[in-house]
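Both complexes below contain chain A, partnered by chain B and then by chain C.
And now, the complex of A and B:
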């Protein structure tokens, strides 16, 4: 079953530009310069129920705008859109009860009140029966490890603690579709890991459709099987994370340390030598031959250590951004 | 805590300015040697001014409620939009809550002040008028909310609506009859004021309390107020619907 479907989705809006200095301010008072922003340009997207998708792209690519349109916060300028069969911006109750939107940037909880108060607010807003509310709360609180901070006003908590409370609040009504906008943004390693594991657990249950944006590739690698890459409001890649890793002609690197003497010319024939430092050699090889070349090396020479290095996801993605930049600005 | 101090200061400063105006009028009555000025006896005038002060304490203090425009401007509205609740309803409920709170606070303050003017204060003219007075208070609060909320909703298009709301508040204070009864103004101003909705905020309820409106005119005035409320309600609805269409959710 399809959870999310968009066709030729676009979003444009106007902003007023303000120049610096007194002159700019005065000018702005009379008539600011209008700037036209095309946040999304013709996005086609189809997400099945139970899928977990990583939405990535450089700043300003339209990731957050996409999430906001899918969750009904923003009206699209043109195009078609269905989420769980509903049109999001109509904001029907039955739709809103089945989704959630969590932003890593923003505080949703009541600043002066403990998390518990906000959970109760959610119970009323989502009209949750007492028993279900208690059951969900208990499970989520345990998972997010926030038992001890339930009664402390939000402003006295650290960012990481607050984010974990927010995650619990966002999932209390057991939403089917979960939108997460940079959930691990501004978190330390431990808190980021906790949030990630939390999301991963949800994702693996297979009941939930999760769309996640992040600049942290660890989030994407650990949680998502499929990634969608946006660049300046356009979709530039939609597919499996594994294919992304394999494709794009990225060379593998073999780092080898020889124990005894070795034949330089022989090694140079195997691949492109990047550097030689005494007994250590870094060799660049086509991805499809990497394992074969490594085993050849092992059988031919006495070897102390050998390692095949994959390009990092960061590297692959950055090269895609760069390629797109070049294409657009040419 | 800071908030609470702020509340009390608002009410207190309101009471102070009421007192100054009352003392001024007492002096005017004393030195002019007239029983009745502009159709008001001294007792009626003091009652009017204290009542106006009380109404002010919950209508004027909440008039600039910045929450709606803040929610729109900084994008915190988004958090409400993804929940099965109506942001407009939430704003209305919050405003109603703070008005009730300020009403109770003002009532306490003005009851204490009232003790000192016990001899001059008039009771309501009849039970019927008291009921009408209470209804008109409720409608005044509703009218005030709608008038200012529509300005706050303009935040969808303009960056700061504080100036608009401040100006409206000043106009409301004068044209609503908070300073003196509207019948004291020159003819042309009176005519202008009668075309505006502000007189329903203070002047109309206080005249009801004092029984200064003939019973046969009351219905038509309530109907006019009803038209204002319906019209402004519709305007709010239209502006909200149009605004939310082009909401850009700033800040993340």
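And now, the complex of A and C:
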């Protein structure tokens, strides 16, 4: 069943540009310069129930705008859109009860009060039966490890603790579709790992459809199987992570440490030798031959250590941004 | 036939209970917002104590101001001292109900939420967004300035040589409700402007000062200003019409005028709010 479907989705608006300084401010007051922004251009997207998608792109690509239109916060300028069969910007109660939106940048809980007050507020607003509320709360509080901080006002908690409380509040009503906008933003390694694991467990259950944006590629690699890349409002890639690597033709690197003597000319026939230091060699090979070449080296020589190094997701994504920039500005 | 009547009764009961369910749910939400608002105010003890003291002092000072005015004059327009005090107490009743409910939410909070993007999370809660935005924070702090107003109102009613009929009291209450609808509409219009301008604090402050004119009898104005405050920005709706109804000094023409002013302002303000929401761009992440 399709959870999210968009056809030719666009978001366009006018903004006033303001220059710096007093002169710029006065100019803006008298005759402000208008700038036309195309945040999203003709986006076609289809997401099945239970899928977890990583939505990535450089700053200003339209990731957050896309999430906000899919959740109903913003109106689209044109195009068609359905989420769980509803038109999001109509904000029907039955639709809102089945989705959730968590932004890593903003705090929704009551600043002056403990998290449990907000959880009770959610119970009333989402009309959760008492038994279901208690069951969901107990499970989520345990998973998020916030038992000790439930009674402490939000303003006394650290960023990581508040984020974990936010996550619990967002999932209390057991939504079918979860929109996560940079959920590990500004978190230390431990808290980022906890949030990531929490999301990964929800993703593995298969009953939630999750769309996640993040600049942290570890979040994407560990949680998502499919990525959608946006650049200047346009969709430039939509597919699996493995496919992303292969389709961009990035070569693999084989790092090998020989135990005994080895034949340089023989090794050079296998691939492009980038680096030699004593018994250690770094070899660049096509991705489809990497495993075979590694096996050949093991069978021909006495090897102390051998490793196949994949290009990082950051490198691949950056190369895509670069290609798109070249294409647009050509 | 009995089965038919029984089924019809069952359907009637179900229909009635479903019709009642929605207002009951929103009443429960209003009580929840009140409880949360009070907890948040009391979270800071010194601030709470100082706020209470300040509000009581403010209302007492206003009473002494009116007393001082009436040391110099017998009447304000056609209004005597007790009638002016009745007008003053009624104005403060309306002001109190407005300030504990929608005023701070619409004038203070909504423009800030539009500016910072905090409106996003509120748009995603499964309750009527206009209700949530208007009544999210119920601030009971003004109860402490309202109690002295109630005491004055009681003192005036006991001292006025006048008897009030049930109908006059009913009309008084109805016109107070009408005043709140009018003020709500104005506040919603001002707040909705922030969808285009991002800020509406300045206009809010101007209107706040303008509304305070409503606690004086509008007879003290003449010419252009009198016409303005009666027909263009009908401040007469806020306190003067309810008091005139209570004192049996009102005609049906003015009652209809009052209701139609509130009704038209409300329809326009809701339309502006809906347009504003379509224009909302949130704030960058």
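For the reader, a short list of remarks on this structure follows.
We take it that the second predicted complex is superposed on the first by the 330 of 330 C-alpha atoms of A that agree within 3 Å, B and C clash if a C-alpha of one lies under 4 Å from a C-alpha of the other, contacts with A are read in each partner's own complex, and residues count from 1 in each chain.
Just so it is clear, a contact is a pair of C-beta atoms (placed from the backbone, for glycine too) under 8 Å apart; a residue touches a chain by one contact, two chains touch by 3 or more.
Predicted model, so just to flag it, every value in this text is computed and none were measured.
Superimposing the complexes on chain A yields a three-chain arrangement in which chain B and chain C clash.
Shared-chain residue A:1: touches no atom of chain B or chain C. Of the two partner chains placed around the shared chain by superposition, chain B and chain C are both touched by A:103. By the touch criterion defined above, A:131 reaches neither chain B nor chain C.
Look at A:113: by the touch rule set out above, it reaches chain C but stays clear of chain B.
Once chain A of one complex is fitted onto chain A of the other, the partner contacts of A:153 are limited to chain C, with no touch recorded for chain B. By the touch criterion defined above, A:189 lies against neither chain B nor chain C after alignment on the C-alpha atoms of chain A. Touch counts on chain A: comparing chain C and chain B, the chain ahead is C. When the shared chain is aligned, chain B and chain C each come close enough to touch A:71. Within chain A, the residues touched by chain B in the first complex and by chain C in the second are 13, 64, 68, 71-75, 91, 93, 96-97, 99-101, 103, 105-106, 108, 125-127, 181. Note for the complex: chain B touches chain A at residues 75-76, 78-79, 81-85, 159, 244-249, 251-252.
Chain contact summary for the complex, chain A toward chain B: residues 13, 15-16, 64, 68, 71-75, 91, 93, 96-97, 99-101, 103, 105-106, 108, 125-127, 181. Within the complex formed with chain A, the residues of chain C that make contact are 25, 28-29, 32, 36, 39-40, 43-44, 117-118, 120-121, 123-127, 129, 277-278, 280-282, 284-285.
Of all the residues in chain A, the ones that touch chain C in their complex are 13, 64, 68, 71-75, 91, 93-94, 96-97, 99-101, 103-106, 108, 110, 112-113, 117, 121, 124-127, 153, 181-182.
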